[in-house]
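In the two complexes below, chain A is the common chain; its partner is chain B in one and chain C in the other.
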Partner chain A sequence: MTVPSILSLFLAIIVTLWISPVVSSPDYHEQLFLEPLPKSSLLASFNFRGNTSQQSFDNQHFRYFPRALGQILQHAHAKEVHLRFTTGRWDADSWGSRPWNGSKEGGTGVELWAWIDAPNDEEAFAKWITLTQSLSGLFCASMNFVDSTRTTRPVASFEPMGNHMGPNSLHLLHGTLPGEVVCTENLTPFLKLLPCKGKTGISTLFDGHKLFDAAWQSMSVDVQPICSAEGDCQVQIEQTVDMVLDIERSKRSRDDPIPRPLPNDQLVCDTSKPYNSEDTCYPLEKAADKAWSLNEVFGRTLNGICPLADSNEQSVCLRVPHEKSIFTTQGASEIKHDDGFTRCFSLPHSEPFDLSIPEQEVHTQVPIDEPVLHAERTIVGHGQERGGMRIIFGNPSDTAAVDFIYFESLPWFLRPYIHTLQATITGKDGVRREIPASDIVTDTYYRPAIDRERGTQLELALSVPAASTVTLTYDFEKAVLRYTEYPPDANRGFNVAPAVIRVLDGADAHPIYIRTTSLLLPLPTPDFSMPYNVIILTSTVIALAFGTIFNILVRRVVSAEEAALLNSQTFKARLVGKLVAIRDRFVKKETKVE
Partner chain B sequence: MTNKKGDQESPKALANSTSQSATQRVPPPETSEAIHTRFRVIAAFWAVIIFLGFPIWWKTTSIYRAHLPIQEMVDWDDGKICRPVFPLEIHVATPQMQISESQHLLRTTQHTLDDLNEFAAHHLRLKPVNDTSASTPDEEHNVDAIGNAVEEGAEIALTVRVLSQEGLVSPRSELHADTTQLDVFYPPNHVPLPSSSNPPLSAFIAKELQGLYSEEKATIGHILSGETAGFDSESISRRLRRSMKYADTYHLSFSLFTPGPAPSSWDIENAVKEYLSPLLHAFAPISNFTIDTQVQLYATFSPMAPPPVYDEGEAAWTLRKEDLSAFINAAEWPLNPSIGSGPTLNFILYVPAPSQSPLVVKENRASSWIVPQWGGVYLLNPTLLTDQSGQSNPPYLTHESLRPAFMTFSHQLLTLLGTPTTPASLPLRLQTLTRVRAATLLLSASSTMGSLARLTESLPSIPIPATVASSVSTTLSHLSATCSYLRDGRFAAALASARVAETEAERSFFEKSMVGQVYFPDEHKVAVYLPLLGPIGVPLLVSLLKEVKRMIARRKANKAPAASN
Partner chain C sequence: MAVDRRKVAVFSGAFVLRLLLVCLFPSLPDLLTGRVEVSTPVNSFKRLQEGLFLYIRNVSPYDGGVYHQAPLLLPLFALLPDVKSSPFPTAILYFLVDLLNAHALSTISESGQSVKSRLHSAMRKHIRWDGVSIAAWFLFNPFTIATCLARSTSVFTTTGILYAVSNAVEGNSINAILALGFASYLSLYPALLFLPLVLLCYDQQSQTSKTPSYAVYFLQHAAILLGSVGGLLGLSSIITGNLWEFISATYGFHLLVPDLTPNVGLWWYFFIEMFDSFREFFIGVFWLHLAAYVGGLTARMRSQPLFIITSLLGVFAVFKPYPSISDASLYFALLPLYRHLFPLMRYTFFAVAALLYSSLLGPAFYHLWIYAGSGNANFFYAITLVWSLGLSILLADSIFAALRDEWEQANPESQGQEVKQI
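Right after this comes the complex of A and B.
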């Protein structure tokens, strides 16, 4: 890490709590971490953690662990499960590095990975399907669409977080649904898993309208075994919700959500502008941060503490400079940490708690820590047949190179040409040079796709030198799908799952994850009435050809005069003759009139 | 005809010229060779259609329908093949009697029993045993006996020990609550004389036995024929309605619900071990059980449910009986069924908030009730703790305080599983349950077979895969095995094979691939292929008709000269 951030210090406290097996302390913790971010945003990071002993988990005696989830995991033999629901985009340029170092977020949509205990790959996959189907029902998400084409087995990108004991043969399976829209129906089951269920404690702040209105939000569920050195194990469930709220947007009342201009008398004008007058104004950005309170931002107040957690726990923490004054409801006690920015609050037991920051000017700013790596992935090229992928990695550090694993799982209908993999590097001098890809890529794991069976899995171990930007490109071909394989909104394009980047940082035990945005791949889309047109057209052509040939074979060939004579004997010819006669009579009359 | 045309004075020169010249230019009659060729061409086309096109179409669009023994299946459903009988073997030990005396006693008792019995399918057979030691089989032994009975002969339903006891005026009986043994004590002077045709002791034993099995008899009668003999029909059908459908495995889910933060833990492991495990162990030959438990805090009532009302007279919060159905907040309480095959039985221990304690049912001050085919609820009102902030529930429930709740739960479990209420001995009730379940499964598998037969008959368009046929044959063979086991009095074996029959019957009935094809009507195929079949079919048909017409005409022409000759 380049900047020893307070956030990671905060994480470190939690990490020590994890590692030290304090059995006597309550097995449930919850914490809310708030940090105002630039551009009037607010990061709210909720964390809920419950432990249960391995023995009572195996005997299905559930207390802090939700029964429904526990049974699913036992049924699918899943030893460790990570589930992510994410929407929006983390703006790393203005917000800095990600909460939890990105380890508690997923790619856009739903992401799920699990270590499954199974004797071989086939059984592991069968259990994985059981797991996705059951979780799909539990969380009201379309995880049942995670089939073999969307499942990969990453080799280097993920490591188990828990301590796995015993002779298990664990299989890691990973699935993504980049097109899944995360919404309130996923939050309700998420809240039901909590022992206090959103009735008390920090979970009372959850409101689906605010949560899914956030600029970026990520919900995660992690289940992992935690074992002490002596060998007694616990099963831990950790749920987090991270969101970045736009303070101004959240403060708007739900009845009147339309943004309105400030009244004239509240505008701060730039008087140095020559056109500044009574009726013209160039509004200035306010130097002071916006005023906000929990009630305004979340639409509710925090309702006491969850009694299952340690009653002395400081369950709400705020990261603002210490010089800022903050008002809280009575009964809450404030503890300021030595770092100069973090302060935590012990909450009153059963009274509602609110926290408000008035608008004020401060001189210190909370430092934003720079992310270790910038990553960006786009689809380039044009046309219906081919395209290209371009991935840009930027290393902001001036001193150290960044080593990381780049993991991509591509759908089978995007067929990459790995031989076209090219790398260009832009160094400090700003000169762009082509270099062989092998200079950057130290290791490759590539598993090609099989049509309609599995997707491409590409894992690259990369190293980006200090203060340089590396661009990787490769070409791909777009497959033509079968008629029934198109979704109802085929012209929207097909979602390509975000790439996962795991930064290898030897010093830090906890890996840093970065995910790119998901991509939209336009495929050649047919006109869907085509099959019927084809059927009718082909039938017509065949019928025409058949009719001609059949007639030639069957009909008798006679001269025209003979044919007329033959025809005149038939009923049809007589009828035609009558008709001709009637017509002629009319024509005659007309000529007479003339 | 030409005259007519001339009358109309057609102005067209061409028409005139043709009509005039037509008389000279009649086409030569077709050669027989040409007619033959045409006939062959048309015949060739039709041959291709009939011998190649039609079979290919038939082959590619036909659906596989495995052969099913429809008649046999329907016969099972109609009860024509098997008439289930339940011969119960009862051993009678008379250690203090002479052999001739005991034989006489047995004979007269059997007579009396047969006279009393109105329901032929269920009858008791008495058998003497010489084993005077009359070892009282303990419960484990009994369970093993049921388990092993698959290989053995008829099971011993009951052992009657007839013992003399001084100082008795009339005979009395004593049923052991945890074994299958009935002790009958009689005054020594009641030993039946060989001369008496109806000794009072025989009558007494017969009456006792009849009483023991009257509920079972009524239940089986109700299942087999829908009517009951001699027992309260209403209570039997209510009990059958309440009880769960038979399953191999039941999931028992015990949940502690409370509207506040406490109690947040309970000594559930010990409570289950102490209060439930013995019962579940006794059930092992009939069904398996899995147990899971959970604690759910902040479980509030549904907003639609009427809240409890404080009753001054009772000094308690009361729920009205008719509101109990809304007690469980299905939307918010996590009571989803357990994963895995088999139904889930939910047992809810509800600890009311201190402000609403004690909570009882208004009408009868009851604290528990059964939700038919779903589970049971128990309202636990623990002693409240008082401190400076007011009253609160204890944070932890000891297994001692869970005792009444789990006693109620075991009772509810027995009811939900369909165990009869009499007799008092649990092993006897479980035996009864075995027989009742075997009868139920036999009937339900038979009726599934009948439904499947009717379904395949009425929907000729659904495919019948080979797996269905094999499932059906497994079902039928297990059904007849069940029937013969029942006849031999081997009820545990009968239940085992009825279980197989039921599973296979359900599997064949709910075969997935049978359902899918139903919704693909023929009209769609016609709509897609009509553009092809129409334009091709019309010339083919017309040519065929012409050819047929021509042949008929020729035959007539041939006949006409022959007739004139």
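Right after this comes the complex of A and C.
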């Protein structure tokens, strides 16, 4: 080895040692947050976060970042990607505001949006198709069906979460599949993206049977660049799983999942009911919350901590009043936070961990955050020809108006008539008044659908005054499709993607998102059994008209006697007559020529 | 003058009837606008409203799947006050357009062109209705009233066609072709009437003055038609700013039939059920079929150009891609000009019964399919078949009667005898 080469090696080591702390070492965190909700529900929120420096990401040096996903993103030039798999409905009336303020949540089915680096719209769309096709394969989801009719380019509803540096021309594309059924085949690839792949750490609790049996669940994958003020960038992948389990339902054993009524002697009856007697009972809800443990609810024990995560991390947190007593397995240490409700646990390294809460009465209740806005969207009207969309926004605050962006993407076969947009407002006095839509809608972005080419995109900037409820309605018409465009279960109806609401709250850096439920749109259906019959019958009518009219047009009119005379001739005579006529014609021509 | 007083009575009666209907049943116009028998994707007033809404807000109405009507309608309707708050100005505009149409009809009738033209003179001239009766028949036809109340934009096409014909019978060939250009600009298919209309103009002009040969005359008027349509298209592209966008959204829409909303015609269900690989082929066949009648009728009935126009309008009412009852009402408006042919028709009862049957059962079966759910699409489809069959029987029968009339003219001694076609 020559001196310069040794020197350069030495320099390289020095440089590496010097740079690595600045580029902030790659790290990985995971956390489980548990919160019992009213009506014997339990919110379990899993969060996994890994960082990789932009440099090693670009050089395809993956450590905490999954290689499969990283290569797809590089290939599709996607700088920031958000992917959501959601089922069920968040019951905001009983559970309060959403976890992560709704920012880690998607509409029912699959929702994907990404910022793609491309010189123009066409190339961005081509790369978007590459991205959806690849993600479709990676996540075993039908994202390849996100075509031009299901892709929109929202203008005001989404902002990049990451820090994008440099002269990129980023294009935001957004696609939804409201009809996609999220299930275990999506969970398995999701777990494979984690560094510990569900073998150790909190991800060992994932059981498809429990996760997809939840009242509401949402899986999310977010990839975004995080840059410091100096300009060093990291690529962050954050995966979350949020679910609301029904404790009683989850505790049923898998072998015997049939719910059984309580024995009579364990029933607590409402004795104030007039019909209450020996054999008639109105059961009362128990005042105390149900007892549960991790093992019972998830069907598995938590298997140590992921060795790649920070070993001192408090990876399990629970939000119950401090006065509640909680039992954990040996080796776990509990830290109570000052807010009076939250406590976190540091887990033993390689031993299973369990946590159980016995049934007990407590005097303090965990407060439930009131959501800043209630939103509800339904289809009104009857019949398969036309209908109406009704969106109700409720502002629970007594003092402040709420400003938000309402975004919906409608399939092309739902044809909205935006000139019929009407608004009514119900104020504090409870009186319903019709107002011009422009009083509520401050800004509109509308891109109408083109048949079989793209869907409708509607973005409204709205402002709902304090303590009032605003109802927006508009009419739409349902298109009739070609019979090959209907799915096999045509009479079930077509899914309409949920609307996305982004609450604009200037002070808060984290945006608040609310999504409405997805809708089912029944379309008129033709009879699928008879394409041949229709072709034949229509053709018959056309042939009848064409045949009759041209028959009349080409024939000569003669009197009935002449016709009878012609008919009375023998076949031979008629044939001879025809031949003579033909001969005459030729002879005439010849004479003309001569 | 007695005749004028009758005309005033009929016209004001029709106006008052429409006004009464709108005042007594304020929801009737919107109800009719929503009926598939009256409003098709190419003439629906609701779609016009949506297009207008986008146009006023500087969004191109053609960059969407809803509006497929001519661009010149937009600035016209933008002048009128908002329909939701004040429906009467728009309604009265439509009433007046109907009266204009009726006036054109009475002009056509009074010219006597239907019974006596240059090359033809009917045998039963005495059996005919005067202009006022024909205008009344048009104005009090329920199909016309429904179209008018539903504010369907096909009434403007009707105006174009009727003024083309009324100018032609009066010998104003340039005005006639300009009116036809307007109708063709609005809904494309009236361009097929060009050939018989030029023949009609030629016949009328050659009676009074010396006219050039057929070819020269034909080319002159083709140039006028092209010029007028071109001028209107130019004006439209100034309005929309993008020529190709609106042409593909309007004429492309007429030609390729992408919207399969039910209507009284034969195309929609056929192309719902058609196999994808044959769709383009059959669209071509259907258009060719529609155009074939022009040649056939013109060649055989050269002596009666007005009758060719009437029959072609009947053909369009059955076989065009988006027909509505307004097309049928136009055919029914012109048919009484041939009152003298009615005694020669053979299947009148059957045709009228089929038409009445389908107009009464059509809405019922549509309700069963779409709202009650107790019937399926075949119910309404079957009714459209009966409707088309009824109309085409009427059409074929009237053509037969006209040919027989021609034969009687050639053989006056055998008037009233039984005839056959061989």
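Going forward, the second predicted complex is superposed on the first by the 495 of 594 C-alpha atoms of A that agree within 3 Å, B and C clash if a C-alpha of one lies under 4 Å from a C-alpha of the other, contacts with A are read in each partner's own complex, and residues count from 1 in each chain.
Going forward, a residue touches a chain if its C-beta (ideal position, glycine included) is under 8 Å from a C-beta of that chain, and two chains touch if they have at least 3 such contacts.
Everything numeric in this text was worked out from a predicted model, so none of it was measured.
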| item | value |
| --- | --- |
| First (chain B), second (chain C), both or neither touched by A:481 | second |
| First (chain B), second (chain C), both or neither touched by A:412 | second |
| Partner chain in contact with A:307 - chain B first, chain C second, else both or neither | first |
| Chain B versus chain C as contact partner of A:67, first or second or both or neither | first |
| Which superposed partner A:445 touches (first chain B, second chain C, both, neither) | neither |
| First, second, both or neither for A:212, with chain B first and chain C second | neither |
| Which superposed partner A:581 touches (first chain B, second chain C, both, neither) | first |
| Touching partner for A:56 - first (chain B), second (chain C), both, neither | first |
| First, second, both or neither for A:550, with chain B first and chain C second | both |
| Common interface positions of chain A, toward chain B and toward chain C | 535, 538, 542, 544, 546, 550-551, 553-554, 556, 558-559, 561-562, 566 |
| Chain A - residues contacting chain C, complex | 382-386, 412, 415, 417-419, 446-452, 479-484, 524-527, 530-531, 534-535, 537-538, 541-542, 544-546, 548-563, 566 |
| In the complex, chain C residues that touch chain A | 34, 36, 46, 49-50, 52-54, 59, 63-66, 258-262, 266, 268-276, 289, 292-293, 296-297, 300-301, 318-319, 369-371, 376-378, 381, 385, 388-389, 392-393, 395-396, 399-400, 403-404, 406-407, 411, 414, 417-422 |
| Contacting residues of chain A [partner chain B, same complex] | 56, 59-63, 66-68, 71-72, 75, 134, 192, 195-197, 199-200, 306-308, 532, 535-536, 538-540, 542-544, 546-547, 550-551, 553-554, 556, 558-559, 561-562, 564-566, 568-569, 577, 580-581, 584, 588 |
| Residues of chain B that touch chain A when the two form their complex | 1, 5, 8, 10-11, 18-19, 21-22, 25-27, 30, 34, 38, 41-42, 45, 253, 255, 261-262, 264-265, 268-269, 290-295, 297-298, 300, 332, 334, 336, 338-340, 528-529, 531-532, 534-536, 539-540, 543 |
